[in-house]
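In structure tokens below, several structures.
Each of the next two complexes has subunit A plus one more chain, namely subunit B in the first and subunit C in the second.
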Partner chain A sequence: MEQVVLQKSNLNHWVELMHGGFQVVAPSRVHGEIFFLPHAGQLESDLLCGNATLPYLPPKDIVFPQSETLFSFTRDAGDIAFSIPEKAFERLVILGIRSCDTAGIHWLDNFYLNNFRDFYYHDRRDNLTLISIACNQPMNNCFCICCEGGPFLNPEKAAFDIQLVDLDEHYLVECNSEKGKELVNLNRSLFSPPDPAMVEARDQLEKKSHTLFLHEPTSYMSTAIRRITSNSVPPEVWTELGERCFDDGGCTFVCPCCSCFGVGYSSKGETGCHYRFWDSCDYSGFTREVSGHNPRAEKGERFKRRFFHKLSYQYVKRDGRIGCVGCGRCITACPGEVGMPAVVERLRRG
Partner chain B sequence: MVKNTPTICSFCSNGCGMFVRSDGKEAIGCLPMTLHPVSEGRLCHRGWNRFQNLRSFNRLSLPLVREGSNLKEVTWPEALQKTTEKISELLSRYGPQSLGVIGSPWLTNEDNYRIARFSRDILGTNHLDGSYRFSGAAALAALNQLFSGSFGSLGSIPAIAQTPTILVIGKECCRDFSPVGSRLIKAFLHGSTVILADPLCTRKEHFFKYLLPHPIQSLAAAFRDKESLPPEVSAHLFQPGLALIFLADQVDSASSLVSLLQSLSPRPPTENPLPLMIPLSRSPNLKGAWDMGIQPGEGGLTLQEMLDEESHVKGLILFGDDLLNHLPTSSMLEKFKNLEFVLVADRFFTETARMAHCVLPIPLLAETRGTMTNSEGRVQKLRPFLGPQKENRPVADILYDLSRRLGKDFPVFSEPEVRREISKNISPYTKVASESDLEEVGGILLPAPTAPLPCELPEAAEQATEENRYRLLVPNTLYAWNRNQMIHESPVLRMEYPSDRPAVRMNPLDAKELKIRMGEKVKVRSDRGETQAPVEVDENIPSKVLMLPSHFVEVVESLAGKAVRDVTTRTLFFPSLSVTVEKL
Partner chain C sequence: MIGDLSLYREPEMDNIYVPNKARIKGIQDETYDTKTYEFEFVDTAVKEGFRFLPGQFLEISVLGIGEAPFGLASNPNHPDSFRVTIRAVGSVTRALHELKVGELVGIRGPFGNGFPFDGMKGKNILFVAGGIGLPPLRSLIEPMLDGRSEFKDIQILYGARSPADLVYQDRLKEWEKTPEIRFMMSVDVGDPAWIGNVGVVTTLFPKADILTRNAVAFVCGPPIMIRFVILELLGRGFAPENIISTLERNMKCGVGKCGHCAVGHKYICLDGPVFSYKEMMKLSEKVV
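Right, the complex of A and B next:
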């Protein structure tokens, strides 16, 4: 993996160069909250540093939108014409995606590209370049350390093209793919080789960041995985946790890994469309059958299913990792205060 | 690329802050605001899926005018002309009191204020009301009586989390209103005592410490007779620092709420102030519409009275509401069918629109500017995130146009101008003229009212349940989620709220004892009537209790006979009955 150095003052210039062949999205504030938005004008530099706030909505919606039209149809004089929507983008760079969200996209790749090739996902993902930023400082809810979701990404296990490491006045730029190199090659003169002190500083930052995380989920995650895998969680624990679930679906929507969708149809007269949207295993309609029977009618059963999918070893074995990257967004989203760390802690107690 | 518009959710009365994400043509997603005082990054499943119903192809696209048994698409000038002719005809033949006007909790404060003015100044009728007459008005009327007028804010949702004792009346207040439920959980985790009062509950969740098997109507009596309560419950309830969470839609008589509050606060209010109260609703702007004057004027009729068989009302002008969905008796439907003229201004081709003489398409709340008042008394701005549909016209334009055609002058007020007028005329809304305060996340919280006045309202008697008889509860479900048009239009939400069928709900053990299987018909008999209905076995229903949702109007009527009249709100409701059940 090639490492080069970029002066922070040159970041804007580098991004300007990207505009020659790419659209660029970067974290920006809208009414005080952070979204990944098309870059225009100056970058918000405090959102691109090692201790920046995590945007509430992960950029998974760029590859897997909350809703999208799959195809439309119209009938004209007996002929039915189908059309698929225009491409959302030709080539896109996400600048400033955090480590956990990059790991989340890697997980979605596994679901949408390895099991079967989802045309819509593939079309977007193939044209996407990820410039990730390593986290020097976790936020209050972060626990990526115990989910292999950060704070620094391992080039062999993650799908980033470039990882930026914040070294005060400079970024250490770590290229992990040809797509990443293409961006560095836009103007090689902006970059310089790192001196050994910088590489040492990077390693020290990574070590230090590991000590700054929540203790509880870090130490309880393996117990929770073992208990779920061996089906040794008493049913009343799932009932109790289910009672705290509001069936709102928020945890699944803000989860960088959740990939479930539902499909809808809409038509009037001679035109219509077929679309898909984020669905949630929290919802009772998610598994209800046409007959009205619901194999997971109780909230506790749905809750168990969700965490079984996230943490059970049979999925770890199949997918290579647990279905959680430790971003902590489910803590913010859950009205019942049963986000991943609270559940893991409860499962440890049995 | 995606545009993120900060606005508020318009499903229920919580007024959660959310970003709606749109691609320039349509809404493609939602995200709760983390900085908003109500939502704090959380939404319920309705909120998270709010964008979905906006894709609907069932929107009204053009005005419709009745020709015989059909409604025909016409141009706006034709529709307005036809409407004007009909209104003029009724005015000249019968006078202004032959017309009734219906505002809506699914419209903004500004539009409701305009409708109230239009009704009063242009049509000259005092017969003005909302469909909430049958679902919510009783609670608001009771609070109005206590505070001798509009009452501002009775507490904030975030404050629930810091309250030592919380009385929740009806499980759905927690389950269906997640910002409230979220604060209950927070309070529980901090050691507060959360008490649930619900007659339709067999298993309380672990965060409720006590379960009182009473509906709101009989809670006051239970609280007065303190011996019937566990002593620990009394110790918690009658201390200062109580939060009271209830569903305004479920309060069927004003007296039941007043009695409850008086039983909780028997001493002068200065010694034991009224609890923090959040009157929730399944409609988004119940309080706002009510405060804007969508109530009968001096000598005016309530909606109940307008649709009485004897009423002299000949025409109804309805804005933004599927009224037929919310009528509690079949005689009202008959009266509605026989009206000489019905104008419906709405977004979808609803059952009510199908029966109208003229239908005018208006914008969704998602396409509208204006404010709404949530259950805390928080006034917040709606920001349109979709462009106007080609053939829709805002309520303001319709009112202006109709007035002009009727030869009257109705002012063309912009939203800020209307708010300035509201701030002058409606006392708790003084601050809404400040546009900068309204722009803030969380809007303006109306001021708390001064101390309540002593208030006595006539009470409806509760019947005792005899041995071997069942207690039939008829909860007010006229605003039930599975009857909400916006739920029907969303593919996810219509699966979450499947439609129900006319059936009585019964405990599984009772069903077993009577050898009744799911779907089998039973004869239910009360002193007032009888009916045959299938049984739905429901483990949430306690033993010796039957539940019949009030929206199955015909079944309810045949069993309950004539409804009871609440004197304060001048409307009808069905009290619980003692019944027998027999297998057919």
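Right, the complex of A and C next:
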């Protein structure tokens, strides 16, 4: 992995160069809320530093939109013609994606690209470059350290193309792929080799960041994983947790790893489409069958399902890692206060 | 309408979500609410390349109305004339029942693992079917009859709600007559013309002289029927690995992506729909 140094004052220039071949998405404020949006004009530099606020939503929708057409059809003279939407983008860079969200996309890669490749996911992901930012300062709800989701990403295990480490006046630019190299090669003269002190500072920052997590959200994942895997959590614990769930699906929609979708059908006259949309295993209708039979009619069963998918070793074997990256967004989203750390703590108590 | 239809491109071959066009070649009325459809793919390459295993399923769509999974119900040795049997219960199946010979549907698949076949050779085979559970089993019964000498005893127990609910009536008459299989059926509620057994399918068990040694049972039907049949089989000494059944869930994509059919760490559409009872017991959720 190549490490080079970029002066922060050169960041805007570098991004301008990217616009020659890429759309660029970066965190931006809209009425005070932070979203990943197409970049235009000046970058908001405080959202691209090592202690920046985590946006409420991950940029998951760039690879897996909230809804999208699977295909459209037109009936004509006894025949049917199918078509699919144009590519969402030719090439796109997400600048300033956080470690946890990069880990989330890595989870989605494993899931969507293997064992029947998802055409639409692949179409986007193939043309996507991730410039991740390491977190020097975790936020209050962060627990990525328990989930291999950050605060710094390990190049051997992560899906970033470039990781930026915030060293005050500079970024240490860690180049982890050919796609990453391509961006650095846009203008090599913007970058310089790091002096040893910078590399040392980077390692110190990573160590320090590990010590800054708050006690509350960090969790004994391993106990919860063991209990869920062995199916030894008493049903009444799931019922108790399920009773605090509002069935709102919020946790699934803010989760960087949640990947379930429903399929909808629409037609008008001789044309129509089949589309998919984010769905949630929180919803009682998720498993309901036409006959009315519902295998997970009880809230507690649905609650168990969600956490079994996220944490069981059976799924770790299948998907390569747990389905949680420790971003803490479910804590923010859940009105019943049963986000991941609260559940893990409850399972630890037995 | 979702999506911008003014910009579009041709679907590519590796797009798992875009169906192949298939034409309805024949429709057979089975009961007052059930019909069997024979399909033919429009694209010659798709038609000639189509193969399936007993127990696999198709995702069939009435475009703009919906898509649903259906177990293949015909002999895999004749993939050129594949059939599914469809009971009208929801919006997709009711729309399918409106279609006529020559009309087009979308088909994706075949998907799923299918029933074991070669490993069944030399064994006594028991089929227990309830209602619309017979069609998927038929995709296994027919190829076994093609290679009849390779299997030992073949016994079929079939239960339906009433005489009017029995599917494949012509074929049932042949099965009753042929010495190649032992066939019995029952209805939950008879009618004045019915002279056979009355009661749920498990009421046939004491009368059926079921072979339990070197035997494998295939069970397909509604969830409650599967539960009672499995209990009955276990009580007669069938080992859990020799009881093979199918699980059904609300599937959407058919390819393990949408998450709807996940049970424990398995996806019914990818790892199933066929599971042994031994495998079912290892799932972290109660399934039967």
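Methods note: the second predicted complex is superposed on the first by the 342 of 350 C-alpha atoms of A that agree within 3 Å, B and C clash if a C-alpha of one lies under 4 Å from a C-alpha of the other, contacts with A are read in each partner's own complex, and residues count from 1 in each chain.
We adopt the following convention: a residue touches a chain if its C-beta (ideal position, glycine included) is under 8 Å from a C-beta of that chain, and two chains touch if they have at least 3 such contacts.
Quick caveat, the model's predicted, so the values are computed rather than measured.
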{"item": "Touching partner for A:250 - first (subunit B), second (subunit C), both, neither", "value": "first"}
{"item": "First (subunit B), second (subunit C), both or neither touched by A:334", "value": "first"}
{"item": "Touched partner set for A:267, first subunit B, second subunit C, both or neither", "value": "both"}
{"item": "Touched partner set for A:290, first subunit B, second subunit C, both or neither", "value": "second"}
{"item": "First (subunit B), second (subunit C), both or neither touched by A:240", "value": "first"}
{"item": "Which superposed partner A:35 touches (first subunit B, second subunit C, both, neither)", "value": "first"}
{"item": "Touched partner set for A:70, first subunit B, second subunit C, both or neither", "value": "second"}
{"item": "Subunit A residues touched - subunit C or subunit B, whichever exceeds", "value": "C"}
{"item": "Partner chain in contact with A:281 - subunit B first, subunit C second, else both or neither", "value": "second"}
{"item": "Overlap of the subunit B and subunit C footprints on subunit A, listed as residue numbers", "value": "67-68, 262, 264, 266-268, 272, 275, 277, 279, 288"}
{"item": "For the subunit C and subunit A complex, residues of the former touching the latter", "value": "1-5, 7-12, 14-19, 21, 61, 63-68, 89-90, 93, 104, 106, 222-223, 248-250, 252-253, 255-260, 262-265, 270, 284-285, 287"}
{"item": "Subunit B - residues contacting subunit A, complex", "value": "1-2, 4, 6, 19, 21, 28-35, 41-45, 47-49, 51-52, 55-58, 175, 178-179, 181-182, 185-186, 189, 205-207, 441, 491-492, 495-496, 498"}
{"item": "Interface residues, subunit A side, partner subunit B - complex", "value": "23, 25, 30-33, 35, 37-38, 56-57, 61, 65-68, 240, 243-244, 246-250, 253, 262, 264, 266-268, 272, 275, 277-280, 282-285, 288, 292, 332-337"}
{"item": "Sites on subunit A touched by subunit C in the complex", "value": "67-73, 75, 78-80, 82-86, 111-112, 115-120, 231, 259-268, 271-277, 279, 281, 286-291, 293, 295-296, 301, 304-305, 308-309, 312, 314-315, 317-318"}
